Amino acid sequence: MLRFIVRRLLWAIPTLFIVTFVVYCALRLATNPLASYARANPRIAKQPEKMAQYIEENGLWPGIGGYIRGYFVWLKGFVTGNWQVSIKGSRPVWPNLKDALINTLRLGLMASLVGISIGLALGIFAALKPGRLRDTAVNTGALIGFSIQPFISAVLLQLFFAVQWSKWFGEPLLPTSGMYPPGHTGFDPVLMLKYMILPVIVVSIQTIAAYSRYMRASLLDVLNSDYLRTARSKGISERRVLVKHALRNAMVPIVTLAALDVGAIVGGLIISEAIFEYPGMGMFFLTAEANGDFPELMPWMVIVTSSVILFNLLADLAYAWLDPRIRLD
Amino acid sequence: MTEFAGISQTTASQQMQHLGVPSDPTGDASIGILKTSMSPKRMALKRFVNHRAALISTIVLVCIIIFVALAPLTARYGVNESIFKAEANRPNQNLAPFDLAWFGTDGNGRDLYSRIIYGAQVSLLIGLFTAIGSVMLGTLVGGIAGYKGGWLDDILMRVTDIFLALPLLVVLVIVRGMLKNVSWVTTIMGEASSVRFLVILLTIIGWMGVARLIRGQVKQLKEREFVEAARALGATSKRIMFRHLLPNSVGQIMVALTFAVVGAIAAEATLSFFGYGPDAGSGMTSLGLLIRDSKKAVPPGYWWLVVFPGVFFIILSLCINFIGDGLRDAVDPKMQQELK
Amino acid sequence: MTDATLSIRDLRVTFKTLLGPVQAVRGVSLDVHPGEVLGVVGESGSGKSVSFLSVMGLLGKNAIIEGSAKVGDVELVGANQKAMRRVRGSDVAMIFQDPLSALNPVHRVGSQVAEMILAHQRGMSKDAAAKRAVELLDLVGIPQPEQRARQYAHEFSGGMRQRVMIAMAIANNPKVLIADEPTTALDVTVQAQILEVIDRIRKEMGTAVVLITHDLGVVARMADRVQVMYAGRVVERADVHNIFHGSRHPYTRGLLGSQPTLGNERLTPIPGAPPNMLQPPSGCAFRARCVHAAPECAGDLPELVQVGLTESACVRAHELEALV
């Protein structure tokens, strides 16, 4: 097991190396950092020697060779902690990125917790009586959930809870943007939860839909299995059949999927964050992208891809831990 | 869904096997108990028709398509036409629904009802073209990779692993940014704000999911007896692919096509929502652009601009999702899809 | 025959399916006595497994079960869940065809056996049950039972897995052991070992065994009495010797003829396929494939009648001797 983890972590290094190189090339092509810099600093742009200096300092040489050399310049700076400053405002990138990461994890973990637990409950509820009304209802509900894109549910919820509500009752029921009211400082969990309600609903809709279907399918598979028939033939209580045998086995693929999904949270809440102006990774990405801010986007991508790779490993470990048939070596 | 108790997604013969009717060397349980004159295709059709939601959705979708295709007749105004000329005491902007504009008017005094029809036209075309492109490319690559295996298969899996693991919106935005900045690409794909550019962009990303699905299907079929038999009899790879693997994957390809349509429509809407979509110049619109505009209508409370496009979008994708679901159940009664 | 441990009367099982009701079992009656082995023979889909799964209450909700099945004085058809559970695993236990899929892959083998014990022996501690599980594994011939008990099903060979299933089944000294094709998925050499284990248990514990199989070789070796099923009905019933040497039913004879034996190089397969149980034929279900079919076979459903040394459900059973 330990050998597997070590080997996978060692493998992650070349993977990250290749992925970051591809991302580096893609981002340089997509954002054109030099043009972004010139746009952000019109006065410097008129001075060729200053521009040449910026190219040299940040390794923004043209051509294939220039990209490769530039990548290593970036990599050295990234690994040694000498990150390039942002193009817009020439600020250090990490403090903002760190805040964005924490905020997103807060929202994402909350939404996953709510979404996955409701989804699983609905999936179990449906699978216990396949073909009955409740099964049809959950299945149909899940498809409706899939069809409600987050940007639609977000605007509809904003319209209802803020605008229409204040028309009817004088003041909005729930805040619709940000993490705290403007000007608020310090940490206030109750206020923060209130601001999180609508974004969490928006993100959970899709999660609930997905997990109710996963769970239903997984549980139905197990319920039709021979070993469940064996368990029933033992004369143990139906409750024990369900918990010890059916759910225990049905959870194996679910836990794996959940691990993968949690790994995707870091970069996956862009839509809801943007609409609710929630200062997380998604907002960070959209702002940086709009500014063509290459020095901000690169670390962002590294964090997002590392998270995906890390949680892939965790998913494999969880799988092996839950299913003794899986051997890791 | 709509079937008898206990037989929801399984064919009768599979159900029998679950129930412990063994298939032993003396014969197959399905022949033994359920010798029917129904061909697999008819069974699939029957299962689809029994999926009541899918059937209703098909009818609704066909109605929507007919309605949208006949846009000049069904729309009451042009896409960029105000319902009447605005006067000082009679503004035409942001009017709540009334008899001249059933769904109200937008900030330019245009009829929302007509614009939804024209927008749906654009969105459906984007969805259809992207889906066809993705499915063709995905079937080709996935089919070859699944059949040949080896390094081609490895590369396909590794590359798609990474792309599918990253957030779709990020991938779309970055790839879009790359393509936009390369001059020879834009001569082929058109300007970044054109519909053609968007369709090609979505196809470039969209084929990967299809390829993995078809790859899995082909890999599974390849191990089946009838393919082994064909190979043993000396059939060429080409013949096996076109005579055996492809026809047996048609169901899966249909399912992939359906979900690709809804995926493309949603992707268009997401991109448009964030301003990466097609250009709204000349008043042209799409469902995504209409929903983007609805964001601005929230603070002043122009509810019709939010509710109608949003609900229409939900209904449209719900119909296609239901059809895809019904197709999948019909083609693959055990729902292996869900869990890969 | 009042001392039967398992007594089934006019059992009928119908499945509701997409295509309509499937009549899998159409009136089966039988008795099993302590310490005897009853062989149940037939092709797939003849209803032999379904009959006993229905007795155990292990069929899905789409199965409609009618008739009567009694273990001792307890009626199982229509019994409530609680009563059913008390019988399952204690009075009646079952072994299945594929021991790999029949064992839970994520629980240790020992704990799966112990679970069976704990389900019916109230007051037994978990440790005691675990100890007893190891003894049971030893009893069915699993070497190093203490270590094996801590392993998972996938770490066992096919034969060893089936031994685990047997250990589980006999954990509570059942009156009846239903073995549903226990050797079909195994190698021939392993088959013999498993049959030997079952036979030993029958002798030592006096358990009545129902052996469901399509393999006449297994029946010849193990069974005291044989019951042949076709299209959801019993078509012939007799002592094992009389089935092999004095059969009075064309289907049984067909089965015997299609079985390879040494010296008999020519196999005679039964032509055609079993009937569609969505619309079972009137009269004798076998008549479409029967070489002796006559117009009277289409009449009423033939019942078992004593003819010579066997009970046969063939209308022309009396003439059969002459015909062959």
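Residue numbering begins at 1 within each chain, and the chains themselves are lettered A, B and C in the order written.
Note that contacts are C-beta pairs under 8 Å (C-beta built on N, C-alpha and C of every residue); 3 or more make two chains touch, one makes a residue touch a chain.
Everything numeric in this text was worked out from a predicted model, so none of it was measured.
The chain pair with the larger count of C-beta pairs in contact, out of A-C and A-B, is A-B.
Averaging the CA coordinates per chain and comparing them to the mean over all protein CA atoms picks out B as nearest. Averaged C-alpha coordinates put the centre of chain B at 50 Å from the centre of chain C. One finds 54 Å separating the Cα centroids of chain A and chain C. Taking each chain's centre as the average of its CA atoms, chain A and chain B sit 23 Å apart. The set of chain A residues touching two or more other chains comprises 229. Multi-chain contact residues of chain B, defined as those touching 2 or more other chains: 3-7, 18, 20.
Looking at chain C, residues 58, 96 sit in touch with two or more other chains. Put simply, chain C touches chain A in their complex at residues 56-58, 81, 84-90, 93-94, 96, 98, 101-107, 115-116, 119-120, 152, 154, 165, 168.
Taken in their complex, chain A has these residues touching chain B: 19, 26-27, 29-32, 130-132, 135-136, 139-140, 143-144, 146-149, 151-152, 155-156, 158-159, 162-164, 167, 213-214, 217-218, 220-221, 224, 229, 253, 260, 263-264, 267-268, 270-271, 274-275, 285-286, 289, 301, 304-305, 308, 312. Remark: chain A residues 225-227, 229-238, 244-245, 248-249, 252, 322-325 touch chain C in the complex.
Those residues of chain B whose C-beta lies close enough to touch chain A in the complex are 1-10, 18, 20, 53, 162, 165-167, 169-170, 173-178, 180-182, 262, 266, 269-270, 273-274, 291, 294-295, 298-301, 303, 306-307, 310, 313-314, 317-318, 321-322, 325, 335, 338-339.
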